[in-house]
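Down below is the structure, laid out as structure tokens.
The first chain written gets the first letter, and so on, giving A, B, C and D; residue counts start at 1 in each chain.
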Amino acid sequence: MTDYSIRPIPQFDRAIIAGAGMAFVVFGLLPMFGSALVVDKLTMLFIYIILAVTWNLLAGYAGLVSVGHQAFVGLGAYMMLRMVEAGVPPFIAIVAGGAVIALIAWPMAAFVLRLRAGEFAIAMWVLAETIRSLVMLDPYIQGETGRSLVVLNAYDPDMRRNTIYLMALVLAGAVIVISYRLLHGRLGGETQAIRDDEEAAGSVGVSTFRVKRIIFVLSAVGCALAGTLWLASAITFQPRTAFGIQWSVFMLFMVLVGGLGSILGPILGAVLFMTLQVIFGDFGVWYLAGLGIVAMLFALHVPRGIVGLLSEKMGREPITMQKLLNPKRT
Amino acid sequence: MSVLNVNNIICRHGLMTALRGVSLEIHAGEVLCVIGANGAGKTTLMRALAGAHIPDAGQILFQGRDITRQNAHTRVRGGIAMSPEGRRLFADMTVRENLMIAGENGQNGDWTLDRVLTAFPQLVPLIDKQAGGLSGGQRQAAAIGRALMANPDVLLLDEVSLGLSPAAVEGVYASLAEIRDTRVMAMVIVEQDLSRSLAFADRILCMAEGEIKLAGSPADFTKDQITDAYFGIQNEAPADV
Amino acid sequence: MFEQLLQAILQGALLGGYYAIIAAGLSLMFGVVRFINLAHGDLSILGALITLSLVQILGLPVLAAIAVMLPLMAVIGWLMHMFLFERAMKGGFLLPILVTIGLGAALQNGMFGIWGSDTRSLGASIGSLAWSSWYLPGGIILGKLPVLIFGTAVIVIGALHLMLKRTGLGRAIRATASDPEAAELCGVDARQVHRAAAAIAVGLAAIAGVFLAMRAQITPYSGPAQLIFAFEAVVIGGIGSLGGTLIGGIILGLSQTLGGLISAQMSLLSGHLVFLGVLIWRICREEKLAHGGWRAGLKAVLGLSSKRRKLASGDLS
Amino acid sequence: MNSPDLQSHLVARRLRKSYGSLKALDDVSFHVGKGEAVGIVGPNGAGKTTLFGALAGSFPVSGGQITFAGDDITHDPAETRCAMGIARTYQVPRPFLGMTVFENVMVAARAGGGLSAAPATDHAAKILEQTGLFALANTPAAALGLLDRKRLEVARALATSPDIILLDEIGGGLTEAELVQLIALIQSLKDNGMTIVWIEHILHALIKVIDRLVCMAEGRVLAAGDPNAVMQNADVRRAYLGSTPE
């Protein structure tokens, strides 16, 4: 019998993880000396990271491409609005408004997850539109006009900005850590097995539907949290923006360019996306058209994104979920 | 004169090698029957000849021209047509439409709808029925008729009698015999029925494990030689079966 | 009240013609090429905007503009299939979705860049057709344009149907849809057939776009909504049949106009709800078949399977 | 050896499965006793693999009933059947291509075997050793050759700790030496009490292990029983060779 052990995390990956931990602390201290503009931009970056990581969980690991997850971004924002209206303190509503979306996504999964690839993608989109129409029926939202989170104006602007910033930072960190931990456990293997071959996964005992449903609900909650944070920083809720298809395009861009189905990919993608937005954002629609073209080119020519290119250079993927067996001949 | 020359082709399905260096020659107007057990590589050979499977190595010459990398539809237009394994009729189209497609996209020649219906009279009452509703024998007749509509110089027929009732097999072979006796087109037939092959073919080819084990005129071999080659047994203890 | 209802039913049915045209293209791509093009709606708007420019800038008559635009759009469809879709299809089911949504974003924003954000319409260029109506007995008013659109839809779908049934290209398309390899073995060049299907699909989208621009205002961002309507019509009518697509379009049109009787907001919503209803019914029926009965099927859909699992006892040592 | 005292473990009664007008399974009844090894042969398109799919729950059947250890499992999904102890391999190997060999086996050990992380690791390592894959544990499944993919099929099925294993043409394409190893492995599984159903074209391999042989053709069972008797059966010879050469 050969003796063995599970190979420990490589040195380089540990360095990245330690670096990320330090970055987290530095970002945590940043409001003490960063300008309001920087804090705002970084808040947006964290929101993008949440979106990219959760969408990657769905598409990259479970193989479910949705172009309707704006439904949850919008719903999260709407829930928060309603909770605050009902008297919940806004900073609590940021988290609660996101979490409560799980109750909607759970029954929804029962139907949408039975659809095949392309149908799932568009059916999600129709659902997003349906939910937007339903939300617009709420008289409080005033149809297309929307509503503002006026309660937040009662807080000191700096305090408000910094609190939202810190919440975004913590939530982004939590989303990264939770998805990392989750994918390292049993669920991660099962999810990838489903992505690679759903029927074969079932035949080795993976409860395919249950696993997909868990991932679906998690991704919904992630998007909803991004939605609440976005509402908290933008203040105004307009159904057309909150439920807009642009969220899907952004998520797609970040994940594709960063690296679909990798841990680092969506984070790198979000950073790159934010950078591009700061530099080229002034070009308006041409910038957005460019994003579409770049996403298309990456999908066709660099399907594993920046992380794929990095892996080729390094000879292995940085920060994988791979578990390796270390044989020690005895 | 040889119409088709196959030189040492190798075909892989992903990681599995289905043909391990097969060479053969097909003469104009001759009938060649390919026999062998499941997994011997017969169907892959047929698909390689038809252009549905491009070989990983080797060469295929048709009337002296290299067609190794030519795709299936170009070969049909050049004069090689196949009735594939499983018939593969277009189920929601009528028999007439199934036949017309090959007629419209194949070579010109004297195989027309009328002639196919004369050769396969069982198709006459079915001509406007959906192909999906036909019985096994009718399907086979339609599939062979479809290949004939392309007016090929080489007609490839995979698994002719598989799944057919004895009466249907008789019917199909009666029609094939007429075509054979005109000696206009070469036929390559994959046939599981050994005695049928021996009776019908000018030459037989026995395959096992992706190689040709035996080739020649049926008269040249004993029954035991053929059965052994069929099961891929070479000078081993006789099998228990 | 009764008149209003009748009026709504008529309008809804006529509107269905428009949906059927755009849906027919989507359905053709899905049925023949097995490819879902998420930029289908945006291509429809592109066709409309090109027509608009030909009319308003070059001063072409509307029909001439359409005659110039249609072949152009068909060529665009052909080329897109050749350079984008064929490659995307090789990458499994993920890539087509990713590529076409990227294409959609590029098209929408590119069109915005070229044509600007103003809402536009062909309504002004088609004279009295845009607003004149027939007055039927019983107070029913029938707009000439909706009737024209519906009539064209029936003709276009009928022509498409005849083309598929009666012509060599049609047979080749159907054969390729049913079994691309068997079609190849009959001498059909499946790749060219796929490209031709893409060209026809984009052409249909463009016709629909022109009609949309005639009866309503469009913006570069109107495409996604059209895609959704097309998809809804296809699913309601059942994938793979042109007649079904027409019926699906009419049902969608009816649900929207009838919903519109309740309130303006209910119009789109009721269309979506009918679509979701059909989808849910279809899923439940599939599960019923798989699980041997409605109750077991419904339980399976909701994940309430009551069967207790036993752990395997056999272990090897 | 259709001995009546064998408790029937997995039983299929009058299974039907149609794809359009094609009857892939046409009233097939099949049973295997606990600890028994049954071989299945038949020409291409006989419905052998479809029978496996029906038994393992890969798709719903059009009619008929399947029971396992007395429970009706006709409408249970594949994962439930796997957890109950039915494992299958695929004729064309279907490894999880994005994962390593070890990870492939781990998924099966955890999901199908119901083991938690540490025991699953031990179990997986043991099975990798047993199937000769240990040295390849960290190789991506996509990089495996056909033979190793077939080994991985067996390893993954074994990792779910099954009572009964359905093996679909795992011997095809192997060299004679590899075949000997494979036969030894299957024999050892049988000796440890595992029930085995094995589809195989390589008759001489099959016959070394099995107690009973079933021959299928055109979606039906042509003959079943003692392997030699089945192979002498006139229907079987006709299905395989056509009418025998005179």
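Criterion: a contact is a pair of C-beta atoms (placed from the backbone, for glycine too) under 8 Å apart; a residue touches a chain by one contact, two chains touch by 3 or more.
Owing to the predicted nature of the structure, the values given are computational and were not obtained by experimental measurement.
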Pair exhibiting more inter-chain C-beta contacts, A-C or C-D: A-C
Greatest separation from subunit B - chain, by CA centre: A
Identifier of the chain whose CA centre is least distant from the whole-structure CA centre: C
Between subunit D and subunit B, distance of the C-alpha-averaged centres to the nearest whole Å: 32
Centroid spacing, where centroids are CA-atom means, of subunit C and subunit D in whole angstrom: 45
Between subunit D and subunit A, distance of the C-alpha-averaged centres to the nearest whole Å: 42
Residues within subunit D bordering two or more other chains: 77, 83, 112-114, 160
Residue list for subunit B, restricted to those that touch at least two other chains: 91
All touching chain pairs, where touch follows the definition stated at the start: A-C, A-D, B-C, B-D, C-D
Touching residues on subunit C, where the partner in the complex is subunit A: 30, 36, 38, 84, 87-88, 91, 93-99, 101-110, 112-113, 224-225, 227-228, 231-232, 235, 265-266, 268-269, 272-273, 275-276, 279-280, 283, 286-287, 301-303
Touching residues (chain side subunit B, partner subunit C) in the complex: 50-52, 71-73, 76-77, 81-82, 84, 88-93, 97, 100-102, 104-106, 146, 150
Residue ranges of subunit C in contact with subunit D within the complex: 289-292, 296, 300, 305, 307, 309-317
Complex contacts: residues of subunit D adjacent to subunit C: 60, 74-77, 80, 83-85, 112-114, 130, 158, 160-163, 189, 192-194
Of all residues in subunit C, those that touch subunit B in their complex: 168, 171-172, 174-175, 178-179, 181-190
